[in-house]
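One chain, chain A, appears in both complexes that follow, with chain B as partner in the first and chain C in the second.
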Partner chain A sequence: MRPLSFEVDGWIILVGALAGAACAVPGSWLLVRGRLMAGDAVTHAVLPGIAGAFLMTGSRDPMVMLIGAAISGVACLLLAVLLERTLRVDKGAALGTAFTVFFAVGLVLIVRGADRVDLDPSCVLYGALELTPVDRVDWFGMDLPRALPILTTTLVACALASFLFFKELRLAAFDPAFANAIGARPLVMDLLLAALVALVSVAAFESVGSILVVALLAALPAAARMLTNRMGWILVIGPLLGAVAAVIGHASAILIPPLVSATATDTSSAGAIAVASGAIFAVCVALGPEDGLLPKLARQSRLRLRIAREEALAQLWRARERETPLEVASLLTLMDQSALRRRTSRGALRMLRTENHVSCDDGIHLALTPTGAVAASQIIRSHRLWESFLASRADIRPDHVHTTATLLEHVTTPELAIRLADEAASTTDPHGHSIPRAENPTQD
Partner chain B sequence: MTLIHGTESSLPGLEHASDAAICVHDLTVAYDGRPVLWDIDLDFPTGSFAGVIGPNGAGKSTLLKAILGQVPTTSGRVLVHGASFESQRRLIGYVPQRESVDWDFPVRAVDVVAMGAYARLGWCRSVSREVIDEATHMLARVGMESFALRQIGRLSGGQQQRIFLARALMQRARVYLLDEPFASVDAATEQVILEVLHQLRQDGATIIAVHHDLATAAHAFDWCVLLNMRVVAAGPTPTTLTNANLAKTYGGRLTILSEAADALRAAARRGDS
Partner chain C sequence: MTEWIDIVAMDWTMRVVLSTVSALGAAAGAVGTFVLLRRRALLGDVMSHAALPGVAGAFLICAALGEGRVMWALAVGAAISALSGAWLVSAIRRHTRLKDDAAMAIVLGCGYGLGVVILSIVQSLPTGSQAGLTSVLLGRVASMTTVDLWSVCAGAVVVGILCILLFKEWRLLCFDESFAMSIGYPVKRLDALLMLSLCIIIVVGMQAAGLLVVVAFLIVPAAAARACTARAGGMLIIASSLGALSGAVGSAASAAAPDLPAGALCVIVAAGFFTLAVMFGPAEGAVWRMIRRARLESRVRSQHLLRALFEVGGGDANAPVAIARLMQRRSWSGPALDRLIRRAQRRKLVTSHAGAIQLTPRGLTEARRVVRNHRLWELYLVRFADIAPSHVDRDADQIEHILPEPLVAQLIIELDGDDSESFSARPVPASIHPIERGST
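Then we have the complex of A and B:
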């Protein structure tokens, strides 16, 4: 294992981070516009333009490459529209066909040209991130890796466009019909977005390769979307995650292979950054505060526990009305009818014991404590109010209302209970049981 | 041609009323070569609360989109307060169908309402504090002020519709075009929308709403357009919303017209290849 050095790895990580951040800016807009596929197409379609421009001029000047890329990118989108309109090919199929053909032509050009000039197909696909510190340029008197000023300019350009046209880009992405109606020209914003995608693909493909561009374009904005509901924050968090992916990716490309096999050396940093982007996305999907899997599971299990708790209280109240105390086992059997898992039911029971709502004085039979009785009466109240309402106002047969009322009693807020009491206007449920009075006197 | 124009109600002819808020003349719109609106002549009087009524596929939304210049027209022209739509764009407030946007979009209710001021703001100008204040005020007018900072995806359908209405209010328009504003909304929302629209009309605005619910049409609108690919009848509600006209509107397409439309599409397709 080689030690990480600032002179080499510092530059590589910086270049990777800039590429990741730059790609995430137009990627965020593509994500919310639902156009990541078109972004994917443009990143591939620029390849023949880049190769052609290089083969014709022999220059690696970024401006020359950008012009070539713009020409082939636009040509590909036009071809896709042409296929769609004239031959009535499906939109996705037209785009998919057009960009793969363009990508293939680009590869053929590069392989043919590689005989004569220094252009490496694998470098185009996977990039040459490891070589960036070697390929240097003088920029305003500073001796820097060549990719650094290119990517910095690109990132600034993307950020500036997003800042200046934030409101127009957001409107065009959210509601193109309304944008059109007020003369905000959503089509111009689509073109601006396509131009930004072409720009980042050209700037980033040399260092990180065209395959990684796609990963950076999609994965990190999607990860950022899991963390926030604000467009502005997506545009900040997405690029930051891009930079994080570069650091994690490059470090693991050097540090992890030796752990797996003693003879292994560094793996491709660009590849590792793509994997890191995927990993970051996976973490955000798992932990995202609103739609994340783990918070969602936690919310669901809290809800199930609450329902089980209320169900247990209700059953104990009914047992007290029947004057037949329940044992733990028979209570659990009764709760099984509400499709509750045994584990949840037991958990709810433990909770009620620690809350001091339920006591078990003789070690066998369960009983409601005074505070437990108050809580139980309010659940029974909303259950029986619903039964009464459903039977008297919604004309549902009395023997049908129990199941529905069991569902509704758990979602009844105090405000809803007040309205329900007014509507139901009854002191007994359809089965003749009395409806407990409201605990809060204002509800009576 | 008697099939198209031969209705007994007050169909406007070539001479259009000069006080019309929206004047549609000989408009034909085709999708994919197949006409969905034939030779539409319509005047919406200034200050009217007009409903555009007809069955599914009658071309109601298409008529609104054609007025807004959003669909290419085969023939005809549209005037807004006497001049072309392009020059009068700022006079129009628009409420699209709720289904036309992605409600998971990362944006808050107040930001959506502020979009109604974008045309005034112009390019590159950011949304100012005053615009946000005004947007909050518009949210209050539709009873949604406590939801200003809510992500739009977390709102109910009726609340989303009110957000769209508040955005149209931000446009400070003289003519409001609404596409199915009452579709699948709760009773409270319908009441709020009607109140706001009546208030707008009292302030001199013209309201044109696409509507499919016949039960509420009679008391909601004072002007009705019955549409089914062509104008069946148009005029004040009491004389227009008659059983005879409704039967004509909802009693199936004019078969000959539908067949002709299909033939035109087939011809257009042959012409392409």
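Then we have the complex of A and C:
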């Protein structure tokens, strides 16, 4: 492992973070517009623009190449739109055809120009993040890596465009038909977006490579999307995550290879940042507050446990009505019939006993304690209120109401129970069982 | 020229290249058809990028075991990682709210990034310099070997057999997945088999011809075939023929221009076929659609002229109408109206005398037909659809051109209750709203 130095690693991380931030802004719009693969297309399609610009002007001035690349990137997206809308080609196929052809033409042009200068296609694909600190430029009297002012300008341009056209872009992304109807011209916004994507692809691939551009365009906004539902926040969080990905990516590019092999030096930082942004996305998918996988699992298991607990209370109440005390095993069998897992049922029973709702004096038979009886009576109450409501008001036959009531009893609020009680004609359910009285004074 | 044919026909390498790329094109076209119909055209692109970490990882393991570059291990690595990519795309789609294209772009970008990371570790190893794995990405068509030929042919045969055996099942999977599920098809397994075929093509094709050629061959011939026919069986045949043909022509062309990348040439040839197909394809060809549209528009305009002449000229009285009065009838420009009149004159529908236009007997018959259609439809809308008489003109204006004869006959029966005589002989019904603009 080589020693870290700010002069090298600081600049690499800064450039990577700026690239991530710049990509995340148009990426967010592509994400909500459902066109992220356009990013992949543009990064391939810039190749003929670069080669063509060089062949036509003969200069290796980066500005010339940038302009050529931006033109061919936008041209590729326009071709894809033309194929899709006018020539009725499938959306994905239109994009795929357009960019493979552009890339092929680019390869041919590069070979044509190869005898005059070495344009290395693999440099376009992988980028050279490690070399950015070496390539210096004088910017307003400061000695900076050349990628830095380019990426800063790009980021500012993207942020400015997003800020100025926020309303229009959002409308075009979420409801293009409505945008069209009120004359907001979603097509113009699509073109603006295409231009922004081409701009960041070109600005970023010079330093970090086109593949990293695709990963950053897609993974960072998608990760931000997992954390929030608001477009404005996606546009803020995405770029910040870009900075995180740059730090994690570059650090692991230096730290991990020596663990794989003693002779290995550090690996491609650009690739590592791409992987890091993917890892950030995975973490956000797992932990996202609203539909993150782990919170969802936790919510589901809490819900399962609550339903199992209520089901157990209800069965114990019915057993008490029959005056036949239930054994643990037969209660579990009864709960199996409600499609509850054994593990959940046992957990619910444990919970009831710690809550002191259920007692088990002889170790075999279960009985409701006074507090347990109160809780159970309320569940049975809402079950039987539903049964009588369904039988009397929804015209369902009395022998068919039990299943539906079993589902509804778990989601009945006190207010709903009051209204059901108002509707109920008698104090017994359709099967002739009595409906327990409300225990909570507010329910009377 | 003859020299070039000699190279193509006689040169051993050339023959290997030509047959390999053609076989790849045929198989990729066949699988591409189903993938396209399943609206996942870009999945091939995603899977082939996602294969990279597998290739690099397999090489890393081989190097650790001191084996060097073992082709079958690289292929297995590529297959595993491409399939994992496809699985990840569907997992992201199932478990998050992200759309298809977001899932694909994430897997593509991050998978490829992981590949680059592992590759650069490989290249820093002492044995890594021989890897030269960039050829996998950009293709090395010119240096193809018989091993490539056999692996591509084997892959193509397997995939071809699958396409024929599972044609009915895959077609249903593409067009109506829920129906396939409801009649008990193992939809998940069928989908997995389709992904496996895609994966086979990608793995054998990437090693032989490079990523670009594979991705293009999976998408372009199938998209071209779609423009030629709307039937899945026809698409399958056309797509694999176009794929094979693009491969053959492209690699033959590279014999003529040996310094150009053969893979890129194949893609450009395929794009040429694609352009021809979307322009002139019998099913969706843009040229035919444009011609059909132009014909319809010209017919509609001419019928508008005839109806205007009939209505302004006092119906069957057929008085000559000044062009200035015609101009007020519709929002047509002067030159457009002139062109319209000249065309109608050529077709002997109207005659022109000193700035006044008059219907010929033939024009009168056609005008009566159009006006009858228009007014019958107006009557129908007023009587049966409860629309106010002042609002029906526009609807009738659009439908008058496309009412078929049997429907007109039925309208007459519904509205008059009488079909005793041929309706072309009967008077045109009177208009239910004022004819002249501004006279309401």
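What we mean here is this: the second predicted complex is superposed on the first by the 414 of 444 C-alpha atoms of A that agree within 3 Å, B and C clash if a C-alpha of one lies under 4 Å from a C-alpha of the other, contacts with A are read in each partner's own complex, and residues count from 1 in each chain.
Quick note on the criterion: a residue touches a chain if its C-beta (ideal position, glycine included) is under 8 Å from a C-beta of that chain, and two chains touch if they have at least 3 such contacts.
Remember, it's a predicted structure, so these values are computed and weren't measured experimentally.
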| item | value |
| --- | --- |
| Superposed partners chain B and chain C on chain A - clash or fit | clash |
| Which superposed partner A:Leu47 touches (first chain B, second chain C, both, neither) | neither |
| Touched partner set for A:Phe178, first chain B, second chain C, both or neither | first |
| First (chain B), second (chain C), both or neither touched by A:Val111 | second |
| Touched partner set for A:Ile234, first chain B, second chain C, both or neither | first |
| Dominant contact partner of chain A by residue count, chain C or chain B | C |
| Touched partner set for A:Leu293, first chain B, second chain C, both or neither | second |
| Contacts of A:Ile13 with chain B and chain C, given as first, second, both or neither | neither |
| First, second, both or neither for A:Ala308, with chain B first and chain C second | neither |
| Which superposed partner A:Phe165 touches (first chain B, second chain C, both, neither) | first |
| Where chain C runs into chain B (options 243-251, 387-395 or 423-431) | 387-395 |
| On chain A, the residue positions that both chain B and chain C contact, one per complex | 34, 86, 225 |
| In the complex, chain B residues that touch chain A | 65, 68-70, 89, 92, 94, 96, 100-102, 105-108, 111-112, 115, 118-119, 121, 123-127, 151, 153, 167, 171, 272-273 |
| Residue ranges of chain A in contact with chain B within the complex | 32, 34, 86, 164-168, 170-171, 173-175, 177-178, 180-184, 225, 228-231, 234 |
| List of chain C residues in touch with chain A within their complex | 36, 39-42, 44-45, 49, 60, 64, 92, 95-102, 104-106, 108-121, 124-126, 134, 137-138, 212, 215-216, 218-220, 222-223, 226-227, 259-261, 263-265, 267-268, 271, 274, 278, 284, 286 |
| Residue numbers on chain A that touch chain C, as the complex places them | 31, 34-37, 39-40, 83, 86-97, 100-101, 103-105, 107-108, 111-112, 121-122, 125-126, 209, 211-219, 222, 225-226, 253, 257, 260-261, 263-265, 267-268, 270-275, 277-278, 281, 285, 291, 293 |
